[in-house]
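First chain A sits with chain B, and in the next complex the same chain sits with chain C.
What follows is the complex of A and B.
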């Protein structure tokens, strides 16, 4: 096995590896800015300098030369080397800042250089708190600056595109954003302009940075040079809770983090998953944070004299039971949804089958030509495959419309069929329509009963993506009936640990009055005299699905958490991540 | 021909022949005979390898500044695999104080073209680019004309001299960036990209232009090739200094009576070049300092110059380098602070901005120098400048940071009194 010595420790390695990545994978640290594991290594920030040497080998015997103590004789590179683009070779000896004075000196010198023209406006910078420059300066930087002359001034507040704003003075010219548009999104929309200390990234004249993946550059930026037009100045990162979740705006199921404060989702960032989205996600998925906050249905609503009025939960459940009892079984139609989770759809179909109704129908939500073969798919729903695997009846839009027209009681699960243009308000007249939904829409507007359910940001639930990978969300924000401190699934932020409920940013204002589907179905089932819906959480629902449904055998929340999602055998991946 | 005998040297690159830039005149004076020998005289040069061996034996040290044996560089090209291979000729010539290639473009373009063709043949290259700095507008046009003439005469193009060897020759104009004279950023520029130096390895011989094997030579280096072929490696090696043989184009500028480009053997004493070749100091002033090879090479005080000759070994004794042999001669009235500020201004303006130490360091150097120049500096600033140069040197992708750091370090250490005199008295003074 080839070996490498880092700070005096011996490690074995396999294959071709970049030194910096190898050191990182060991859990050790060398500071850097421009390197990114998914992109090329231009070695331009010069921060990851280390001392590298190679043992001298006897050409004839192939033996290592040794000195009088029996130690290998090392030939050091005459200059310090950047670890990011240095490939490890057998016998290599590396000294990092931990063990070499010259290396730590060089790293400190480099940070001094980076900071001389940096505005040091951390107090008003969005990046503060999650800024590699800030963190590494504290760890490795000089204590002060000897720079006593004027800094370079460059453009500020440049609207590069609809979603990204540039502050060129903060830029340290790492070219990560430029390389992202060259190598990952391949739109080539950014380049570096000007020379020397005047240079900064910009688009070509009269063009916009409207790359559908543009906000990834904001995550990549190791300083606050690129900020999100939408999120900037909204919140400090240390005031927010970070909760892992899944992008529900398309079928790819990008792994994401939801950032919440005071029960509002303030931003969405991608979470690394090699098998799904690597480090990236489309901009569309980030803008979806609004659906968790805005236009939410809170408390059930019921139609009275053709007008929707606030109702109560008891009333809502009683109304459903009444309507179901009165109608002929064949006149009742359950419409499931690819927008809802596996658990929600399962509960829906379980209820239908136990009470002798027709298996729920669903129709995929496809927009032909929208997909790009990368992280945007034609399929706009996160769980089309989940509906298929649960054995729900897949129907075309016109078939669904036909079936709805025939029924007298229609129960919709989260799919806004009127907004999608599949049904008209005419079609739903003279029927009883119940809608289980998260947000107000044209569809819920005409429903006779609207039952608010939790969003992906409020419950734990699973979704099967386009490649047949089942992944789950975590509750990120509280509903009126949940409590961050009591729910172990919810993430603990700095304020949860150190703040008090009197901190002015913790209020009850943004808690939505809604229930998870398993609780709603338990209450509906109880009214119908069924005992089989005694669930205490989404986790129990998934355990039941896994035990009785073959495609889901072996699936559990624990397994999904451990393996960051599980590839289901029954669906072949349509795309292969390189 | 020894260096001492320089007065009897007969120029080969820029001989005194009227209208030598015209192809007819060049042919009449033995032009393109070396190319013909290489391509057709199988007894002398049975294959391409023999050409490389001859050039290697001549030890033409690269005239662009690095001084690497050209023939050895050629031998690094991997074996031909049928795919494209390139020769990129570096005529960017942007170093302040350097203007020798211009003389070739203007006065004897065909000797360079012939040399490039021989090099291309030796390395089995079928495409040659010559990269000329954009400011040389007139010479770019002259070069294009010269290449067209050579095409018309059949020296470039298909099946040259019936040997079966074909090659194409293109001129590419730079757009005013010093950094594009650095060999790998010149390749980027040729590819139509921003002139950022590349990380080495891979070296251009493995992955150069468009990822293919590429050799990069200076214009003057290639211009020496025809005479090596015509007169033999032994002749070339016998000219001038032993370790840095051959004729050199000395570009002499500054406070002398006859500035200009002079072709002489290497190893001519610096003081001879100043006082005899260039006609002595202007207005009878005293010599104060010499920058021997373009602005990045460390400046040398006049009192250090006794017995120093223009070859790498001798110049190393006084801590400087041969560079491009673009000599800047300064008289006693020269203000070294102003001179150094101007040099730092140049490197600040020309740093490409890719690597942190150079991007930030060059600007810092200039700003502190400006402060000192304006009489607002303090003595501690001089030590700061020296510190900055240490922080820059050897920590970047290309050598521009070194090129920017050396003049600052050496000018301050060699003329420290003058710098301190310009600094204001300060309580912080540590000197």
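What follows is the complex of A and C.
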């Protein structure tokens, strides 16, 4: 096995490896800015400098030359080397800043150079708190600045594109954003203009940075040079809670983090998952935070005299039961949804089958030609495959419409069929329509009963993506009935952990009056005299699904958490263009 | 204004492209073809070059803005780069610059109204041995300048007469 010595410790390695990546994988640290594991390493920030040497080998005997103490004689590179583009080779000896005075001095001096023209506006900079430059300056940088003359001024507040804003003065020219458009999104929209201390990234003249993946450059930016036009100045990083979740705006199921403060989702960032989305996500998915905050249905609503009025939960459950009892079984139609999770759809279909109704139908939400073979898919729903695996009846839009026209009682689960143009308000007249939904829409406006359910940001539930990978969400924001401090699934932010109750602002209106589907189905089932719906959480629902449904065998929340999602055998992944 | 390459230009660009394994390498010489044709490589010319080479516009823009020898805006017919770096400065580079400013009626960085001359102050052009000096449109060096010599060069240029390349003998050390 080839070996490498880092700070006096011996490690064995396999294959071709970049030194910086290897050091990071060991859990050790070397500061850097421009390196990114998914992109090329141009080594232009010069921050990851280390001292590297190679033992001298006798070419004829293949023996290492040794000194009088029996130690290998090391031939050091004449200058310090950047660890990011240095490939490890057998016998290599590396000294990082932890053991070598020269290396730590070089890194400190390099930071002083980088900081020469960097503005000291951390207090108003969005990146502060998650800024590699800030963190590494604290750790490795000089105490103060010796630079006494005027800093170079560059353009500020440049609207690069509809979603990204540039502050060129903050830029340290790491070129990560340029390489992202060259190597990952392949739109080649960015370049570095000018040179010397006047350079900064920009688009070609008269063009817009409208890359569908443009906001990834904001995450990539190691300083506050690129900021999101939408999230700018909205919140400080340390005030927010970060909760892992899944992108529900398309079928790829990008792994994401939801950032919440005061029970509002303020931004969405991608979370690394090698098998799904690597480090990236499409810009569209980041807009989804609005779904969780805005236009939410809070408290059940009921139609009285053709007008929807606020109702109560008890009233809502009683109404559904009444309607189901009154109608002929064949006249009742359950419409499931690819937009809802596996658990929700399962409970829906379990209820239908136990009470002797027709198996719920669903229709995929496809927009032909939207997909790009990368992270954007034709399928606009996160769980189409989940519905299929649960054995729900897949129907085309026209078939659904036909079935709805025949029924007298229609129960919709979260799919806004009127907004999608599949049904018209005429189709739903003279029928009893109950909608389990998260957000107000044209469809819920028509419904006779609207029951608010939790969104992906409020419950733990799983979704099967286009490649047959089942992944799950965590509750990120509280509802009226949940409490961050009591629910172990919910993340704790810095203020939850260390703050007093006066540090955290709580706006009660931000908590939506809605219930998870398992809670609702339990109450509905109780009204119908069924006892089989005693679930405390989505976790228990998934345990039941896994035990009775063949395709979901072996699936559990624990397993999904450990392996960051599970590839189900029954669906073959589509080949992804890289 | 829409810029277009002539047939000859396109042929030349094809020849340049054939020299390199990748078309990206042809960016610099193709920009020269463009600058020789149009006198500058402004945004529109950069776009034309990008389209001709089938390269991203941003790449061509980045390359063009990196080099000061590519003119990113329209310049005069003759661009006079007067060196005021150390050697020239000591030998009167600023005097030459000021003389030209007065003579042409423009400040450094500006272009005369008739579009004949652009005057620039530049850093060292590597001709310290024959300071003070200036360069004409990225090309000929005019060395050992005096105010009279500058006046003559300007007069000649007005009449379309570009100074010839000058070979200067370096004073050799006397070797016995």
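Criterion: the second predicted complex is superposed on the first by the 574 of 578 C-alpha atoms of A that agree within 3 Å, B and C clash if a C-alpha of one lies under 4 Å from a C-alpha of the other, contacts with A are read in each partner's own complex, and residues count from 1 in each chain.
In the analysis below, a contact is a pair of C-beta atoms (placed from the backbone, for glycine too) under 8 Å apart; a residue touches a chain by one contact, two chains touch by 3 or more.
A quick note: this is a predicted structure, and the numbers were derived from the prediction, not measured.
Visitor: Based on the shared chain A superposition, would you classify chain B and chain C as clashing or fitting together?
Guide: Aligned on chain A, chain C clashes with chain B.
Visitor: Is A:54 touching anything from chain B or chain C once the two structures are fitted on A? First, second, both or neither.
Guide: Touch partners of A:54: none, neither chain B nor chain C.
Visitor: Have a look at where A:206 lands relative to chain B and chain C in the superposition and call it first, second, both or neither.
Guide: A:206: touches chain C, not chain B.
Visitor: Contacts for A:89 in the overlay, against chain B (first) and chain C (second): which applies, first, second, both or neither?
Guide: After superposing on A, A:89 lies clear of both chain B and chain C.
Visitor: Return first, second, both or neither, reflecting whether A:112 touches chain B, chain C, both chains, or no partner chain.
Guide: So A:112 only meets chain B here.
Visitor: Contacts for A:195 in the overlay, against chain B (first) and chain C (second): which applies, first, second, both or neither?
Guide: So A:195 meets both chain B and chain C here.
Visitor: In the overlaid three-chain picture, which partner chain does A:99 touch, first (chain B) or second (chain C), both, or neither?
Guide: Neither chain B nor chain C is touched by A:99.
Visitor: Just checking: does A:321 make contact with chain B only, chain C only, both, or neither of them? Give me first, second, both or neither.
Guide: Once the two structures are laid over each other on A, A:321 reaches no partner at all.
Visitor: Which chain, chain B or chain C, is in touch with more residues of chain A?
Guide: B
Visitor: Once the structures are superposed on A, label A:42 by its partner contacts, choosing first (chain B), second (chain C), both or neither.
Guide: The first partner, chain B, only.
Visitor: In the superposed arrangement, what residues of chain A touch both chain B and chain C?
Guide: 191-192, 194-195
Visitor: Quick check: in the complex, which residue numbers of chain C touch chain A?
Guide: Those in contact with chain A are residues 43, 46-47, 50, 56-62, 65-66.
Visitor: Taking the complex as given, what residues does chain A use to touch chain B?
Guide: Contacts found on chain A: 41-47, 49, 78-80, 85, 106, 109-110, 112-114, 116-117, 146-147, 149-150, 152, 172-173, 191-192, 194-199.
Visitor: Within the complex, which stretch of chain B touches chain A?
Guide: Per the touch definition, chain B meets chain A at residues 177, 179, 194, 196, 199, 348-357, 359-364, 367-368, 370-371, 384, 387, 391, 394-397.
Visitor: Which part of chain A faces chain C closely enough to touch in the complex?
Guide: 181, 188-195, 202-207
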